[in-house]
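Next come two complexes built around chain A: one with chain B, the other with chain C.
Here is the complex of A and B:
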């Protein structure tokens, strides 16, 4: 275990260093995605302003503000698109360079993703989070989120991260069969922003659709931790959603291993 | 016999790789047709190749573009599964036990880098040290050696993306050797490099081979690489092995022709000389060309049948010779000949 840590830790720390090497791109990323959050903010405020009910989809106006920005913080930290790297590796043929080393490809990708998590948590995640809490107390007049909720939120986030990267690894494996998945990556982004509740809280969907979402891993990626943060779950529900997250981690892990076995059997390395 | 077997590092037996791809049709019409057709074409990139390589050998693996060199290398490194046949490296099947095999090998793909593109070179080496579990003493010792032969210290702290091709190649070679692999695969290690760097790389490969008894398998298009480094060469063409043997044997069998150019004072005097008849050999074994304007007489002959002085004597009886130039057939020419016409001779 310790040895594994020694091998894969450098992948994480190098990704961190790499991120810092391309500062411009990163700040642009923050700016653009935050911009999107503010558009959502104003849109929702307009909706609440013209709505007759003060509670929409189970969320009050104030909770919606928290929801929008916590979704941003959670999404930016948890959703590290490793399938981008896989597709890059496959198209450029650099996957060969990974495979000639005595390392596990998936582990190396997840380690890299962890490096990015740390960076994204530090800038801008934690600042927006703190800013949001201050805004919440001073402007919205709500109380500070309790320690239990924060801890549960973080625990849920960690599982969310694994669900996302393990899912994304399986998704990225498609690249080995089609050798080019740029279009699918775009489709994935669009679909996920919808299915994870980033665009609209899942509680806004009709009952039937929500039932379907219950059986998909996507709601566990962003929606669950944010709802935990908002304290929307009863104790029993809380246990259930956390257990569901854990189950998805295991399922996706096993699925990924099986797919990887198939992939290595019919591996095609391009170029050279 | 037993001893010999123990020394065998790589054993490739009847390895075949077939690539299956959808059939493509020409033109726009063809592209549309391709959308609806499900026809597949298969191409054998490597076709029933077998060979064994012993410890400490430097083997040149050559063939024209697309002959299947890289595909074979990929199968030996374990990143490509052979369709048929099997290869064993150090007693390990690289496709089944990729990670175990990876500990024993070092690979340099000339057109790619295994270094971390955005990070200083030193960082890449630190990661590799951890990945291969190299101890601190070994790391230090090896770095001294690598610095000596590859001169990495000049750019050790610079990001890999800012390195020149020559520097990057040296760095890559160093990275592949950090864990002291038993087998080193070099896929076109000197591609695109200038003469000085090429020379350095070759020297480094030689030194590494001598010091650590590393087995080296090298694919290249550069004849110089082969002449300087390889004791043995394997030539493949269209996926089939067509030659496997020593460089000397190849030269002996296919480089038997020699050329002598003589600058003579009066070319018209030798113009009608039948050199083959005079020296008692067939016309195939000795032919002659006269360039009257340049006053140059060129004789091509079989070096097993005739000696240069014999020819010189015959010519000097008729006219004065001012200058002599002797040319050996170069390997490049032999290889070119083989690529162009295929290989019909028996294996050495």
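Here is the complex of A and C:
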């Protein structure tokens, strides 16, 4: 265990340092992605303004504000796109180097992603979170989120992170088959923003569709932790959704290992 | 003069034939890019559908009307995206690398060379969804159709594309002074997303910015409302046209001035 830590920790700390070096680009990224949240905010306020009921999809207007911004915080921290790195490695051929070294390629990617998680949590995440809590109490008149909910939320987020990166690793394997992954990445992002509940809470979908979502890993990525944060689950449901997240971590881990074995068998790298 | 125009046309034709070769050569990549942009827009529409399960109308706009606005907004965006995508490269790479040199050396209009270097097939995804949504809206009979409006539709789409190009060119040209202007361009370009919805929903400051400073409201929401509502005056299209011309002149002047202060990357 100690040895493992010694091998993979530098991947995380290097990534953290790299992110620190390109602050400019990062602030910009925050700024642009917050645009999206503000558009959603205004849109939802108009929607609640036009609605006859004060509760839509199980959420009140105030809860929706929390939902929009917590989804942003959760998504930006948890969804680290490691498939970008995979495609980079494949296109440049550096993936060969990773195969020679006595390290697990997937573990090195995940460690690197952890470095980014730390950075993203520190730079925009935690400040928007605190800002939201202050806004919640002073303007919306809700009470501060309880300690248990926050702890459960964080635990759920950790599993969300693993579900996302393990899934994304499988997805990244596409890079071995096509060189133009940009389109695929866009398609993935579009689909995920919908399936994870980033665009609209999953409770807005028809019953049947929600049933289908129960069997897919995507709702466990963002929707579950945010709903935990909002305190929308009963104790029994809470146990269930957390267990489901744990199950997805295991399933996607095994699936990733299988695909990786198949892909590396047929890999051809030109030059070096 | 006529000779010159003819020469440019001939060059552009050569370029377009290259473009089709690229598509044929990498069909999978082309389809993927198309799918990516297409899906992004489809999700936006699905979002509206789900929301309208809960509400009858959004500040007086029906679902059908919002879908028309959404689709209409994609057409000028797609046209600009298809034709002038290489402007992004000026902002991100060409100036800082010194690759801009090659445009300076040839005896041809520099802006023409920049945009003629690349056609972006991904844009067809946006054009496709825009066209589909507009046609569906026409089928539903919510769009007002008369001779004047058909003509103004074309004018409006072209003026809208020109506004997009101007905004892109303006922010990309800043690269001549700051070397990399990609980030500024990206922020400005993303502002367009605000104009997919009726601008009345936003706070006053945001509404002011997207109407008059970075006038994306005149590309999407405002002209689209002219085609939906009898009481909206055709002056909207007139103003859009004027904005397009003014912004183009400014952007092109900045670009031209920029090429004069351009210094190549030395070694």
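By definition in this document, the second predicted complex is superposed on the first by the 267 of 272 C-alpha atoms of A that agree within 3 Å, B and C clash if a C-alpha of one lies under 4 Å from a C-alpha of the other, contacts with A are read in each partner's own complex, and residues count from 1 in each chain.
The rule is short, and it goes like this: contacts are C-beta pairs under 8 Å (C-beta built on N, C-alpha and C of every residue); 3 or more make two chains touch, one makes a residue touch a chain.
This structure is a prediction, so every number in the text was calculated from the model and none was measured.
After overlaying the two complexes on the shared chain, residue contacts for A:57 are found with chain C alone; chain B is out of touch.
When the two structures are aligned on the shared chain, A:47 is found in touch with chain C, with no touch to chain B.
In the superposition on chain A, A:186 makes contact with chain C only, not with chain B. By the touch criterion defined above, A:18 lies against chain B but remains apart from chain C after alignment on the C-alpha atoms of chain A. Contacts of A:97 after superposition: chain B is touched, whereas chain C is not reached.
Contact with chain C, but none with chain B, is seen for A:200 once the two complexes are overlaid on the shared chain.
More residues of chain A are in touch with C than with the other of chain B and chain C. By the touch criterion defined above, A:36 reaches chain C but does not reach chain B. In the superposition on chain A, contact of A:10 is made with chain B only, not with chain C.
In the three-chain superposition model, chain A touches chain B and chain C at no common residue. Looking at the complex, you find that chain C touches chain A at residues 26, 28-29, 31-37, 39-40, 42-43, 46-47, 50-51, 53-59, 122, 183, 186-187, 190-191, 193-194, 197, 200-203, 206. Against chain B, in their complex, chain A makes its touches with residues 3, 6-7, 9-11, 14, 17-18, 21-22, 93-94, 96-97, 99-104, 264-269, 271-272. On the chain B side of its complex with chain A, the touching residues are 19, 70, 74, 77-81, 98-100, 102-103, 105, 107, 109, 111-114, 116, 118-119, 123, 126-127, 130-133, 159, 187.
The touching residues of chain A, when paired with chain C in their complex, are 24-25, 28, 31-32, 35-36, 38-39, 42-43, 45-47, 49-53, 56-57, 178-187, 189-191, 193-194, 199-200, 204-205.
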